[in-house]
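Next come two complexes built around chain A: one with chain B, the other with chain C.
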Partner chain A sequence: MTSLRILSLATVALLCGGFALAAFHAPMDANEGFVQKIFYLHVPLALVALGGFVFGAVAAVQHLRSGDPRHDLRSYVAIHLSLVLGIAVLVTGAIWAKASWGIWWEWREPMLVSFLIVFLLYCTYQPLRFSIEDREKQSRYASVFAVTAGAFVPLCFGAVRAAESYIHPQTFNSTDNLPGSMWLAFLVCLAGMTLLFVTLWRFEIAHKMTRARVRSLKRRLGGVDDPVVGRSAAPQLSSP
Partner chain B sequence: MRRAVGALLRKELALELRAPMTLAGMLLFSVTTLIVFHFALDERSVEGDLAAGVLVVTLLFAAMLGINRLFVTDHEEGGFDAFLLAPVDRTALFVAKALALLGFLFALELVMLPIFALLLLGPTLTAGVLGKSLLVLALADVGIAVIGTLVAALGIQTRARDLLVPLIALPLLVPVVIGAASGLSPVLEAAGDAAVPGRWLAILALYDLVFGLLAYAVFDFLLEE
Partner chain C sequence: MTDNLPDNGGYVAAAYLVFLALLLVYVAIMAIRLGRLERELTQLDELPDAADHAARERAREQAPA
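This part shows the complex of A and B:
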């Protein structure tokens, strides 16, 4: 549990530091002005969410190979945290679009459109789990879905990008004229966001593991099982 | 493997020949959808971008009907159990089903394209236009067949099958829609058919390759009991 505490403190420090750097140290963007500061929130969120989806796919491959339900739990938690971050990505993206182009949604903007498609695909992950009763089959099918969807992420971005002309702020194609202080702020923000994801992920895994352990201990003591409040499609661990 | 695929494919075709439900349903659905498009767009004829979009959307939704029905008989009549008892590679079922779906889609397009040209398409359907359209559609069909078979197998064991299959398959097929619609639109232009841009054929082929290999690798896990 100490490692979780250290991780939480590091997350808070890095995120606050990153946003402080972004607000005070990084220079104002010449074209967009203050609006461009949302870049330090939107882009790390998007990268971490996509990374979470890919991590979910990797854990799903491990689950399919080993059949270990803990890998399924890792995949599940990563995907559902990424979905939560995904909502934030779409909202901040829409705000940025409104501020810099005057419209809430821009179809000619391949990143935002691809992200929406990927997000909609992953929205079916929970319903898929919910609609399969058998636990073992549920986790296997969910992993097949996670692997397929993980491979879909890069393909979707490639295809949508090929279809549209570019109007997205091409930050990474023009690295040479991105000042060092902007890079520094961005990298600290990205590291902070990654740590936030890892912290939340670790907390949820710890919570689910602990709950499974408490349940099995109660059962062993002969006590009554707590009534399950609400249905959950989360992987159930039967701890030893 | 090859013999198993052949036997399964013969079974699919025999079923479809005895009671041509899937193919006839898909065809009727696509013609009805063309009528819906005529009134919804209020156009007497379409060309270029619009024609490509109408054609691809019609075929995609018709394909959804076929995908939804793909494993229903196997699930209800015990075809899965019989197949699992047979000492053959499980992937044979995937290959056979995908080939059957591909065959249905291609047959549908052979009939659908002349009807589309008659009812809604502005430019005349010359042999060149037909050939190029079929080339683009064939590449799109491979992607639809692969994803369709995978998602149908994923959905067949769930309680909300009819709801989940289109919800999962449609976002996965967006790159196919992009590739097919963009590839078809210069062919269906009123000013005479232009060449299909190679970029779209490459994107469709890449999609088919990636998901073909992936589905081949993960399909086993959907069959274990």
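This part shows the complex of A and C:
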């Protein structure tokens, strides 16, 4: 619990520090002006969300190899959190697009559409889990999905970066298109966002593990038997 | 609000507020789940007391008058 507290404090410090650097230290962009400040929120969010999907795939591989339900839980929570961040990416991206290009969305832009495709693909993860009643099958099929979709994420991202961009800026295509102070602010924001993901992930894992232990204790004490009624998309840890 | 902000400052504020709102909703959901877990723990805490009470009642009933 102490490590979670330290992690939470470090997250708050890094995120606040990153946003402060973005607001006061990083220079105003020559082309976009103040609107470019959304970059320090939108890009770290997108990178961490995509990284979370890949992390979910890695945990799913571990689940398929070992059969340990805790890896399934790790994969489930990572994908669930990445979806929440994905919503933030789409909304902040739309706001930035409106401010910069005058439109909320551009269907001809591969970067936007590919992110939407990845997001919608992962939106089917929860319904897929929910549709399978058998717990063992549910976790295995979900892991196979997580691995396949997770492999699709870097492929899709790489293909889009290699493709000709329509209007979306290609920020990291060379090392000199971002001044040092902008890089610093961006890296601190990225570190803060990564820590935010790790903190929320660990909180949710701790919550689900504790709930499983409480339910198991209830059963063992012979009190209120509280089995999971009906279907659930969330992985169920087996009672010791 | 935009009087004190540079051009298009409202959009920047909106983007950061959306992020903050999402984070707050997530934390609120976690707090509700934590409250549920605490209720379950309270139930668990009361289980041994209830079992002791039931055992004492049984012993009293079985004791010769």
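The rule we apply is simple: the second predicted complex is superposed on the first by the 221 of 240 C-alpha atoms of A that agree within 3 Å, B and C clash if a C-alpha of one lies under 4 Å from a C-alpha of the other, contacts with A are read in each partner's own complex, and residues count from 1 in each chain.
What we mean here is this: a contact is a pair of C-beta atoms (placed from the backbone, for glycine too) under 8 Å apart; a residue touches a chain by one contact, two chains touch by 3 or more.
In this text, all values refer to a predicted model and were calculated from it rather than measured experimentally.
Trainee: Where does A:Arg202 make contact in the superposed view: on chain B (first), on chain C (second), on both, or on neither?
Mentor: A:Arg202 contacts neither chain B nor chain C.
Trainee: Check whether A:Ser131 is in contact with chain B, with chain C, with both or with neither, and answer first, second, both or neither.
Mentor: A:Ser131: touches chain B, not chain C.
Trainee: Using the superposition on chain A described above, determine whether A:Leu45 touches chain B (first), chain C (second), both, or neither.
Mentor: second
Trainee: Just chain B (first), just chain C (second), both, or neither: which does A:Ala159 touch?
Mentor: The first partner, chain B, only.
Trainee: Would you sort A:Phe145 into first (chain B), second (chain C), both or neither based on which partner it touches?
Mentor: first
Trainee: If you look only at chain A, which of its residues touch chain C in the complex?
Mentor: 19, 28, 33-35, 37-38, 41-42, 45, 84, 87-88, 91-92, 95-96, 98-99, 196, 200, 203-204, 207, 210-211, 214-215, 217-218, 221-224, 226
Trainee: What residues of chain A sit close enough to touch chain B in their complex?
Mentor: 64, 117-118, 120-121, 124, 127-128, 131-133, 137, 140-141, 143-145, 147-149, 151-152, 155-156, 158-160, 162-163
Trainee: Mind pulling up the chain C residues that touch chain A in the complex?
Mentor: Chain C reaches chain A through residues 5-9, 11-12, 14-16, 18-19, 22-23, 26, 30, 33-34, 37, 40-41, 43-44, 47-48, 50-51.
Trainee: Would you pull the chain B residues touching chain A in the complex into a rising list?
Mentor: Listed in rising order, the residues are 150, 154, 157-160, 163-164, 167-168, 171-172, 174-175, 178-179, 182, 199, 203, 206-207, 210-211, 214-215, 218, 221-222, 224.
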